[in-house]
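One chain, chain A, links the two complexes that follow: it is found with chain B in the first and with chain C in the second.
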Partner chain A sequence: MGSRSAEGEQVPLTDEYDALISTTDVELLKRAWRNEKAAPEILRFESDLIIRVREQIELMEETVEEKSTVGTDPLSVSLYQMDLDRTLFLLRSYLRIRIQKIEKYMFHIRKTEELWNRLSKDEKFFTERCTDDLKKHLEESVLSTLPENYQSYERQSVISEEVDMVPEPRLDTFVLCRSKEYLTGIQLEDGPVDDRSKLFEMEPDVLYFICYKSIKPLVESGKIDLL
Partner chain B sequence: MSCSGGCHLMCSPVKILNMYGRKACQLVKEFASGEKGQLTPFNNDLFEQVVSECSQHHLELQSLIRKMQEEGLDVQTARNADHYGALIHLFSIVRNKRCLTAYVYNRAETVRNLLWKIGPVLPKEIEEKLNHWEEEYFKKHSAALKSYMSKALVDLTVDMVPPKDPYIQVRVLEDIREGIVLSDDKNPNFARHSMHFLKRTDAEKYISRGLMEELTG
Partner chain C sequence: MDPLCLISGDFGPFTPQIVTQVPLWLAIALKKRGKCSICPPQWMTVEKLTQVLEVERDSQEMSEHLPFHYVEISRLLFDHARDNIPDAYMVRSLIEDIRDVRFHKVETDLEGFNGRTIAVKIKNLSAMEVNIVRPFIGRALQAFYKHDSSELIPDPERAPDRRPQVAHNAPRRQLRR
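And now, the complex of A and B:
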C-alpha cells in the first residue's frame, strides 16, 4: 500500500498515503463496522464490500499458507497472520453485530419494509427462521393459554387498532459522530420545541454528540460517520 | 404490602393481595430483579396463577356484556357502571398479557444470549432453569444460527474480542481427550493443568466451555 504512493510524483506523501489508506477495503469495513456498532437500528448491508473483503481474506490465507510452507522466517509469517486475524475479526464482528440486532428486533425488522430491504439474503432467511421460532415459542408458552381475543403476539387484543406490542429500537438515543465535510441545515429532533426550528451545522472533523434521529439520513447516505 | 393505621376499615390486607394485576407485576419484578444475563428457574406456579386470572377476568367481562345486552343496551355506546366494570376486566387481561409476554420474551432473550456466551451445549445447572418450551426454543434458535453461519461461511462464535496477538497462553482446567481439532492439525496432549501456547481462535472454544483458562500478564 505504502509503496504505491511512493511511486507517484512529489506530492505531499502523508496526504496521499492517508487518502489511499482510507479507501482500502479493510478501512471501509472498519468504517462500516463502527457505524453498525454505534447505530441503534440496523444499517444497509454492505454487500459489495463484504464480497471483496472475503476475496481478500482468501488471498491472505493463501499467502500465509504459502509463506509458512516455503519456510519464510516465522516473524513475517506471524505478521501476515496477525493482519489476517484482524481482518477476520472485523468481518466476524460486523456480521455478528448485525445478527444480534436482528435477534433483538426481529419482529420489527421483519414487518418494516425499509429495514427488511437492508438485510442480506442470508440474514433475511435467518430473520424468517428466528421470527417463526420466537412466535411459536410465545404462542406455546403464553398466547395459547389466553382467551381467544388476546392471542396475537403483535397486538394486545383484537380491539388494538395497530401493532402495539412489538419492541423497536430507540432512535432518539444519542450517538457520537463526525463529518468529513461541512454540513448545514440539519434539523434537530430533540430539545425544547422552540429550538427545533433552528438548523444545526457541522464542521468537518469535529466530534458531535447528537440525537441519532436528527442525523439518520446523513448516516445512511454515508456523509456522517458514527464512532 | 400490609395495611397500617385506619386503612383496615376500608380494605383488609387480603383484598390488597388479590388486587388485579398484582401477581403479573410480581412475575415481571422477579425477572427484573434477577442479575442481568442470569436466569432463575421458570416460575411456573405464579405464571399459571396469572393465566387463570386472565380466564377469570374474561368470564366476568363476558357476563357483564351479556347483562348489558339483556338490558337492551348498546354495548358500544352505553356508559353505565357495567361498561366501566367490563373495561376494568379488559384492561386487567391486557395488562396481564403484557406482563406474561414480557416475562417469556425477556427470558427468551436471555436464553439466546446463553448461546453466544456458552455455546450450543448448556451445562446441566443452567439447563435446569429453563422450562420445556425454552429448551425447545434454545435448540431451534441454535439451529437457525448454525444454519446462518454455515451459509455465510463464517463462525461468529469465535473472535469475540479484538485480537491483540494471534497466540495466547492457556492452562487446561480439565482433561480434554476427545474431539481436539486445531487448525495446524497437531494433536497435543491437553492434560489437566498443562500449559500451552495456542492460536487464539483454536483456544476460544475451550475457554468458553470452561475447559481452559487464558493466562494473562
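And now, the complex of A and C:
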C-alpha cells in the first residue's frame, strides 16, 4: 500500500442524503429493531427483510474474504469489515430481543393465535420446545407435590375462572412514538372514563408519549415508529 | 480510492481534496486512520449556535434548528476531529449552554403533569433528552393511569392533591397548539 496524503474531506449527514439512504435494507432493519426494542409485546417477524439482509451479509462476507486474500489495501478491507460488523450487530440484536420477549411470555404466546402467527418458523420451534421443557420441569419439581386442586401450571387452583398464572405483556405501558404523516382518529383507550371517546390526532415528526394500546394497530401497519 | 459498495450503501469514489458525503461512522473511521479531515456540519458554527441559544432563551418552545442527535454528533466530532472545528472551545461551551437551557425547559414542562394527562407531546426534543426523561415519564404516566382508573367514586371532601398549574403543553386540551 503506497503512502497516502489526506484523501478527501467528508461531510456528515444532511437532509437529502437522509432521504436517499432511508430505503436501504439496513435502514429498514434499524427501524424494525427500534420498534421491537420499544414495544412491550412481540411484533411481526419481518421474514422478507431478514432473508434479504442475510443474503447480503453472506455475499459481503465472501467479498471480504476474497479481497483480503487478493491483497487489496487493508483500509478498504477494514471498512468493509466494519460495515459487515455493524449490520451483523443489528441483525443479532433484533433476533435477541425477540427471543427475550418469547422467553418472558412463552406460555401466553403459545396460546394466543395472533401472537403465534407473528413468529418465524425457527421461533415457533424454539417456543414449542421451551414451553414443553418448562412445563415438564414445573410439573416434576413443584406441581406434582402440591395438593390435587393446585396442580395446574396455568391456573392457581381448579376453581380459578381464568388462566391467571401466565404472565402477559403489559400493553398499557407508555411508549415514545412518532408518526410520519398527519394522523387523526386515534381512539384513546385509557385515561379518565369521560375522555375515552375523545379522538386524538398526531402531527408528523412530533414526539408523543402515549399508551401502547391506543396505537397498536398503527404500529402494525407501519404508520407510527416507536423510538 | 475506489468507491465502496457496502451493505449500507455505495460511497465514493474518494479523491483528494474533493468533498464526499459518507455516514458518520465511516467518516470517523477514516479520520482515525488519518485519511481525511471532516467538515463540521452547518449548524455547528459559532454564529449559528449563538443564534440558536438566543432563540432557546427567549421562547418556551424548543428550537427546531438542531438535528435530533446533535449531542451525540457534537461529542463524536469533538473527540475525533477537534482540529477541523473552528473555535472548538467556543462551540463546545455554546452547545453545553444550549443543552442546559433545553433541559431546564423540559423539566418545567414535566412539572405540569396531573391526573388528566393522557399523552405527552413535546416538539423538537433531541435524542439525549428523550432518553433522560423516558423512564420518568413512563412511570409517572403509568402511576397516573393506575390511580385514575381506580378512582371510580371520587370523594368530594378530599382536597385534591394537584400540582400548581404552570403554563405548559402537556395536558390534552392544549395539544392542538
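Basically, the second predicted complex is superposed on the first by the 207 of 227 C-alpha atoms of A that agree within 3 Å, B and C clash if a C-alpha of one lies under 4 Å from a C-alpha of the other, contacts with A are read in each partner's own complex, and residues count from 1 in each chain.
In this section, contacts are C-beta pairs under 8 Å (C-beta built on N, C-alpha and C of every residue); 3 or more make two chains touch, one makes a residue touch a chain.
In this text the structure is predicted, and so the values were computed from the model without any measurement.
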>> I'd like to know which partner A:Leu207 touches here: chain B for first, chain C for second, both or neither.
In response: second
>> Quick one: is A:Arg86 in contact with chain B, with chain C, with both, or with neither? Answer first, second, both or neither.
In response: both
> Of the two partner chains, chain B (first) and chain C (second), which one does A:Thr173 touch, if any: first, second, both, or neither?
Replying inline: second
> Of the two partner chains, chain B (first) and chain C (second), which one does A:Arg96 touch, if any: first, second, both, or neither?
Replying inline: first
> Quick one: chain B or chain C, who's touching more of chain A?
Replying inline: C
> Does the superposition put A:Gly222 against chain B (first), chain C (second), both, or neither?
Replying inline: neither
>> Just checking: does A:Tyr153 make contact with chain B only, chain C only, both, or neither of them? Give me first, second, both or neither.
In response: first
> Where on chain A do the contacts with chain B and the contacts with chain C coincide?
Replying inline: 78, 82, 86
> Within the complex, which stretch of chain C touches chain A?
Replying inline: 1-2, 4, 6-9, 14-27, 29-30, 33-39, 41, 73, 77, 115-116, 118-125, 130, 134, 137-138, 141-142, 145, 148-149, 172, 175-176
> Taking the complex as given, what residues does chain B use to touch chain A?
Replying inline: 51, 54-55, 58, 90, 93-94, 97-98, 100-101, 104-105, 108-109, 112, 116, 131, 133-134, 136-137, 140-141, 144-145, 147-148, 151-156, 158-159, 162-163, 165-166, 200-201
>> Looking at the complex, which residues from chain A come into contact with chain B?
In response: 54, 78, 81-82, 85-86, 88-89, 91-93, 95-96, 99-100, 103-104, 120, 122-123, 125-126, 129-130, 133-134, 137-138, 140-143, 145-147, 150, 153, 156-157, 165, 167
> For chain A, which residues count as touching chain C in their complex?
Replying inline: 4-14, 17, 20-21, 24-26, 53, 56-57, 60, 73, 75-76, 78-80, 82-84, 86-87, 172-176, 188, 190-192, 195, 198, 200-201, 206-211, 227
